[in-house]
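Structure, as structure tokens:
In order of appearance the chains are A, B, C and D, and numbering begins at 1 in each one.
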Amino acid sequence: MGWIGPRIHERQGVAGVTTADKARLRVGMVGYAFMGAAHSQAWRTVNRVFDLPSQVSMVAVAGRDPAKVNAAAQRLGWEQAVTDWRELVARDDIDLIDICTPGDSHATIALAALAAGKHVLCEKPLANSVAEARDMASAAATARESGVRAMCGFNYRRVPAVALLRRLVEDGRLGEIRHVRAAYLQDWITDPQFPLVWRLRRELAGSGALGDIGAHIVDLTQYVTGQRITGVSALTETFIKRRPLPAESSGLSASAGPAPSGPPATEASASPAAEEAGIAAGTGPVTVDDAALFLARLEGGAVATYEATRFATGRKNGLRVEINGSLGSAAFDLERLNELEFYDATAPSARQGFTRILVTEPEHPYLSAWWPPGHLIGYEHSFTHQMRDLIEAVAGGTDPRPSFDDALQVQLVLDAVERSAANGSGWTAVGHA
Amino acid sequence: MGWIGPRIHERQGVAGVTTADKARLRVGMVGYAFMGAAHSQAWRTVNRVFDLPSQVSMVAVAGRDPAKVNAAAQRLGWEQAVTDWRELVARDDIDLIDICTPGDSHATIALAALAAGKHVLCEKPLANSVAEARDMASAAATARESGVRAMCGFNYRRVPAVALLRRLVEDGRLGEIRHVRAAYLQDWITDPQFPLVWRLRRELAGSGALGDIGAHIVDLTQYVTGQRITGVSALTETFIKRRPLPAESSGLSASAGPAPSGPPATEASASPAAEEAGIAAGTGPVTVDDAALFLARLEGGAVATYEATRFATGRKNGLRVEINGSLGSAAFDLERLNELEFYDATAPSARQGFTRILVTEPEHPYLSAWWPPGHLIGYEHSFTHQMRDLIEAVAGGTDPRPSFDDALQVQLVLDAVERSAANGSGWTAVGHA
Amino acid sequence: MGWIGPRIHERQGVAGVTTADKARLRVGMVGYAFMGAAHSQAWRTVNRVFDLPSQVSMVAVAGRDPAKVNAAAQRLGWEQAVTDWRELVARDDIDLIDICTPGDSHATIALAALAAGKHVLCEKPLANSVAEARDMASAAATARESGVRAMCGFNYRRVPAVALLRRLVEDGRLGEIRHVRAAYLQDWITDPQFPLVWRLRRELAGSGALGDIGAHIVDLTQYVTGQRITGVSALTETFIKRRPLPAESSGLSASAGPAPSGPPATEASASPAAEEAGIAAGTGPVTVDDAALFLARLEGGAVATYEATRFATGRKNGLRVEINGSLGSAAFDLERLNELEFYDATAPSARQGFTRILVTEPEHPYLSAWWPPGHLIGYEHSFTHQMRDLIEAVAGGTDPRPSFDDALQVQLVLDAVERSAANGSGWTAVGHA
Amino acid sequence: MGWIGPRIHERQGVAGVTTADKARLRVGMVGYAFMGAAHSQAWRTVNRVFDLPSQVSMVAVAGRDPAKVNAAAQRLGWEQAVTDWRELVARDDIDLIDICTPGDSHATIALAALAAGKHVLCEKPLANSVAEARDMASAAATARESGVRAMCGFNYRRVPAVALLRRLVEDGRLGEIRHVRAAYLQDWITDPQFPLVWRLRRELAGSGALGDIGAHIVDLTQYVTGQRITGVSALTETFIKRRPLPAESSGLSASAGPAPSGPPATEASASPAAEEAGIAAGTGPVTVDDAALFLARLEGGAVATYEATRFATGRKNGLRVEINGSLGSAAFDLERLNELEFYDATAPSARQGFTRILVTEPEHPYLSAWWPPGHLIGYEHSFTHQMRDLIEAVAGGTDPRPSFDDALQVQLVLDAVERSAANGSGWTAVGHA
């Protein structure tokens, strides 16, 4: 115990409305692997930390394997487990469907949920194709008219340092944006013996590093700058062309040794094809990109470099963004997510420099609900913040962001990247959602 | 969603024992302010993340104000609220008492709980005096014979980077320890208008920066080196001699502006005197140290500097430790708690340097239960890890560390520091617990 | 005085050959502005620090304005000043011509010097066009047959950390190279009132950020990887289309305020056109790029991003290179030029991380001649090291690197970048020198 | 070539006074090892970079061994070599004596030089005892009356970032100083086989880490705060009690392997005893401290920790100072000497943080004479700046700082540290020079 701040006090002082009085937001989640675990942690925590108009009920989680989904429900805190996501969509006692499955099932589930009048939170990337994403955005627009809300889970918008960066840009402190420099660097498949998991197969994952992590930096930079990418020139590369087929998902950790292995079959609970992928022997072709690099222009005149790769040895989760404007600059690195570097070119010349802002003050986004200054938060908090904003939007009758339109805009960029890469890196315009 | 590792999979694969089958560890908590909130988050989370032999039940929380403790129970997830901690001690349906009150009530509560056969987790510092700490350690020794466990909450031992540092020392990778350089730097009372909260009054807090944050670096360095401090030379300073009396706790945030203000009276739920402190007007004397600095020797021959202060402008939670040994060095900073810097003097000369280890790999302590590499954890996770180890110790019939003896040893150091400071900084030996 | 190492001792112990006995390397320099000052510092220092087979004589410096070149000679330590560079080429008492003028005069001077049998050190970029660079490389090849040496001044190859990075790649410690990430970020013309100096005019400078600083990262990355760039996709941008004409060079500092202003006319000593540029009033068009961005492939299979800009607010001399290979990675930042970050993926997993190597050990390139470990060197030392290697090559009858062929290869990349940018970013192959 | 700024231009524009017109400052240097080399580099360079009222003549260097001192003179750029420093003092053609010998000869040489009316620059620490230092300060006071100047070589005051820190304190930007945190960390004798060089013998070096590097942090912190240390509590330690006797200085590098070895005998040119130290075999006792740690109070009310050690494995030249004030803080690390970290507690709360100022702007101390922004300088530049300020003081008839009084004040602190350490760390007042 080293400090106690006003936040705790104020929060407790507010407690006029008791939990029992609050409206319920009843949630059903589809999929329960990595994203399912992260979302569950956030659903469990959000009302404990934030004063919100609704109280979350974690009604049910869906997965195909009865034993596994039961175990997951118990562990993750869901009241029930079901083996068909359609059951969640059909039930009256569920208000919101949280989609945590691989991308190939996003569209089907989301369309059904919206049609049933359920709010939807869908993991990113929104879909595996522009066509699917358009259908989803269209369905979201229709549903909106009935007060049904849809949100895409680009959770990094809710990292406080990223939200602070957005605020700095909005406040004009960077001036006119000239440069965006974005990279998302990971290294978990540098080992050629790492097996051919579903993320390395186009039919299931849509694309490789591009959609998985490239989507994050596209959304994040469009968000913080407030500008669309209008065109790209791209190249993609697959360094390891063939990989061992995973004998069985549960055996991956053994074969891949200390390196991180692929996802459990359980994540693909809504995707039969994904599960079947884990059966054969020998090797198979990697059909997605290992790395995607592109140049871009933004609508306000900035030029940009983007890079997404799973082959940046030593970079574990290196999402880095730097923005240079006419009045200032800012830099962010997800491996130090509690910090934002800000350069104020309007300060006295002899004292200019990049200021390492420790984004843990009550004045910073989301932080007044957490710990005293200097007490760090982690990766999972971005999801708790996402749930907070979603709950407030649903209760307040406003549209949460990133909307499906925002996510479609990301999809249009990813599509242009792939087309440019297939076309000799030629400049490729990005349409408007 | 950017990755999924074996950890999630393995964890879910294990689920042979269902939650329902598990033994219960029934917890009652006293106090519900900053530490109470952090402990609650940990109790709620620990079984969701770790596979443990017991399942926690958050039975009841105690506090004197009925409305406030009820609100806290609802918010923090406790089944019941009670207004007298003695009720928790007396109940049959509680196995463990978690003490989150200010230091002046630790001894009373802990002694009662141990006498009643309850396991005890007590926040640090263990007590406000050596005499109290000795009584507590003695009671813990007696209780141990009946299988009752006692642990002191020096939670930073459970930061993975700190645990990794301990492991490096144990493995001999630093060689013979020559230097310890420890500082705990905060800045939350640099404003002279910050009011005279209980932490600034000796009768309630025992000491100032020394016991509040100095205790952490004493414990942490004794832990990672595996060596006791054998003597000290110290000075203490109170920069601001008088401060405004807090008109009322709830008004603090207004008067102190953006600076963090004092604790709510609710934290002092077991300390009537603390609550009364919040009533008068005018100013009062600060009766504790603002800063404590000392030199020390460790039993293995190392020399050390220690500094604890609340006046290090710009340092929010700057717990920094550097250890230099004959074969290597390591450095840690709590403001970057996911990192450990390690220097290996046995590496080829041209490639030597401080290696920034991102302590997020499955091979690192506690991390295999969390997220993929590069996905950071935060401050609160140290408590979850603490609860994990405590649960395992209780279930396994072993003694958790830090024990009350460990905490008494810290108290002996704090006491020697105060005596040296009062005695012209003369060298003052530290006894053995 | 804090340390004294063996290097000083050894060096002094060597002193069997006295200065008087040594061969002379008699140098004539053309141009005496920024580069001229840096080269002069290096020529004055190199024999004081390194034991070399030849002793430098700083015979004469050439510039068109008699008063200015005389003052420069006195200040910078040249024995004589002359007003026509052709005089230097014609003299018998000069062995080497050091070309420090703007790019538009490089070819003329270098060709004349080589034809006259003088060794040549030519600043980068080698020329303003591929055609000129080809002529120069061809002339260097011819001259080589007579033992005449030619070198291009990509001085950053001689930063010890860069040389160490090259050594790590050569030793196979990074394995197969997959990614190159290079940026050279400056911010000295972000102010729209910064005047239209010669560097912003195509007819004098050849290109903008591309040739000025982009050339450095092209050479540096081809050097450290040992691989040529085989193709590019590029875009360029000029953010500020028109700028004030510089009333007179000497008035620039007043008009541009605290921002760095343009070069003095004296730098253009061999370029009448450049001098005339400083006369008119009003504004004129910027005819070069402010920023150049490109993707690239290297012959060994790596993919790369490159960015050169003078609009990266807050980045003063931010030349950054990161290389990711199958076995390790390394990162360098010229703003911390005494450091190299190295990641060894073959180390035990729990201790992997980026190691900050302080490149000041006697085992590091060039460092045994300087100060004890931990005592930093600066920017100018790269030139001293360059002169050292050039002197040794001339004396030893070997070809110094980067050769004019190396520099032509850089020119071919720059040319491909401009053609790709002019052609919708389409993929553009880079020829082989 | 990447930029050219106004500084070069302005400097050259000034050239109205030619070198030939200028007054001469004729220098004789005693000792020619590490410090002699660094000083020589500075004497050679200072007039090439700064516009100064006097032109340095490097007249002669003194050392006892004829061959060695001749070689040194040639290499380092001195016109003559002499074998008796008294000859320098006696000559009419020398204005200033630069003392670069070990501490045991400082007093003798300085007193003789001042008595002969020579200006004196004396390396730090000023002397090996307070008594000697008092004599020197007294002699300097007497000499001052005749316009003779004396300066002590605490060169780190002239690191631009340190000078900027001083300026920030003077301008009140840190407010009232509360904390000083200073450490000078090296690791060059961690190897027990490192031999017993003169720096490890009290009769020659006076003390160990304390006087060698501790003196630097004492002077630097008194300088930047503008406050004297008024009292200390200290401990010292010698980790390795006996060491191999150096068989011969020239053989040290072989026996010590890659670790830095001891000084050449030549450094002790004025100290016969030091030279003799290099002859015996076997081992001998280390008679100085390996590490010295102390607490201190400053006259303005700040409290401080100081640490000087040669056993901080991995820290090569880690002089670190942090100052916390009521309005701001600043931190400096000599291993990144081009940077200063500054925290402005008066900035808007959400944007506060430590700003990494790259101290390479023309607005920063000394920098307008060097390279463009972002182009680093090194260790040796601190000496060039020292010579610049000394030349200006001599020419301007003002007293250079640090004066012998300043250096005596440092000596008084060192003496108090040793007395406190010998006296059970008891508080020991520091007298006023």
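Keep this in mind: a contact is a pair of C-beta atoms (placed from the backbone, for glycine too) under 8 Å apart; a residue touches a chain by one contact, two chains touch by 3 or more.
As the structure is a prediction and not an experimental result, all values here were calculated from the model.
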So which chains count as neighbours of both subunit C and subunit D? A, B
Farthest-lying chain, centroid of Cα atoms versus that of subunit B: C
Which of B-C and A-C has more C-beta pairs touching across its chains: A-C
In whole angstrom, what separates the CA-based centres of subunit A and subunit C? 43
How many angstrom lie between the CA centroids of subunit A and subunit B, rounded to a whole number? 33
For subunit B and subunit C, let me know how many angstrom lie between their CA-based centres, rounded off. 54
So which stretches of subunit C touch two or more other chains? 258, 315, 349, 352-354, 358, 361, 363
Quick one: in the complex, what on subunit B touches subunit C? 164, 342, 344, 349-358, 361, 363-364
So in the complex, which bits of subunit D are touching subunit B? 178-179, 181, 183, 185, 187, 190, 233-235, 237, 239, 258, 291, 293-295, 297, 301, 303-305, 307, 309, 311-315, 324-329, 343, 345, 349, 352-354, 424-427
Per the touch rule, the subunit B residues reaching subunit A in their complex are 1-6, 8-13, 15, 18-19, 32-35, 37-38, 40-41, 44-45, 47-48, 67-68, 71-72, 74-77, 100, 123-124, 153, 184, 186, 188, 199, 212-213, 216, 249-250, 252-253, 256, 258, 260-264, 266-267, 315-318, 334-338, 358, 360, 362-363, 371-381
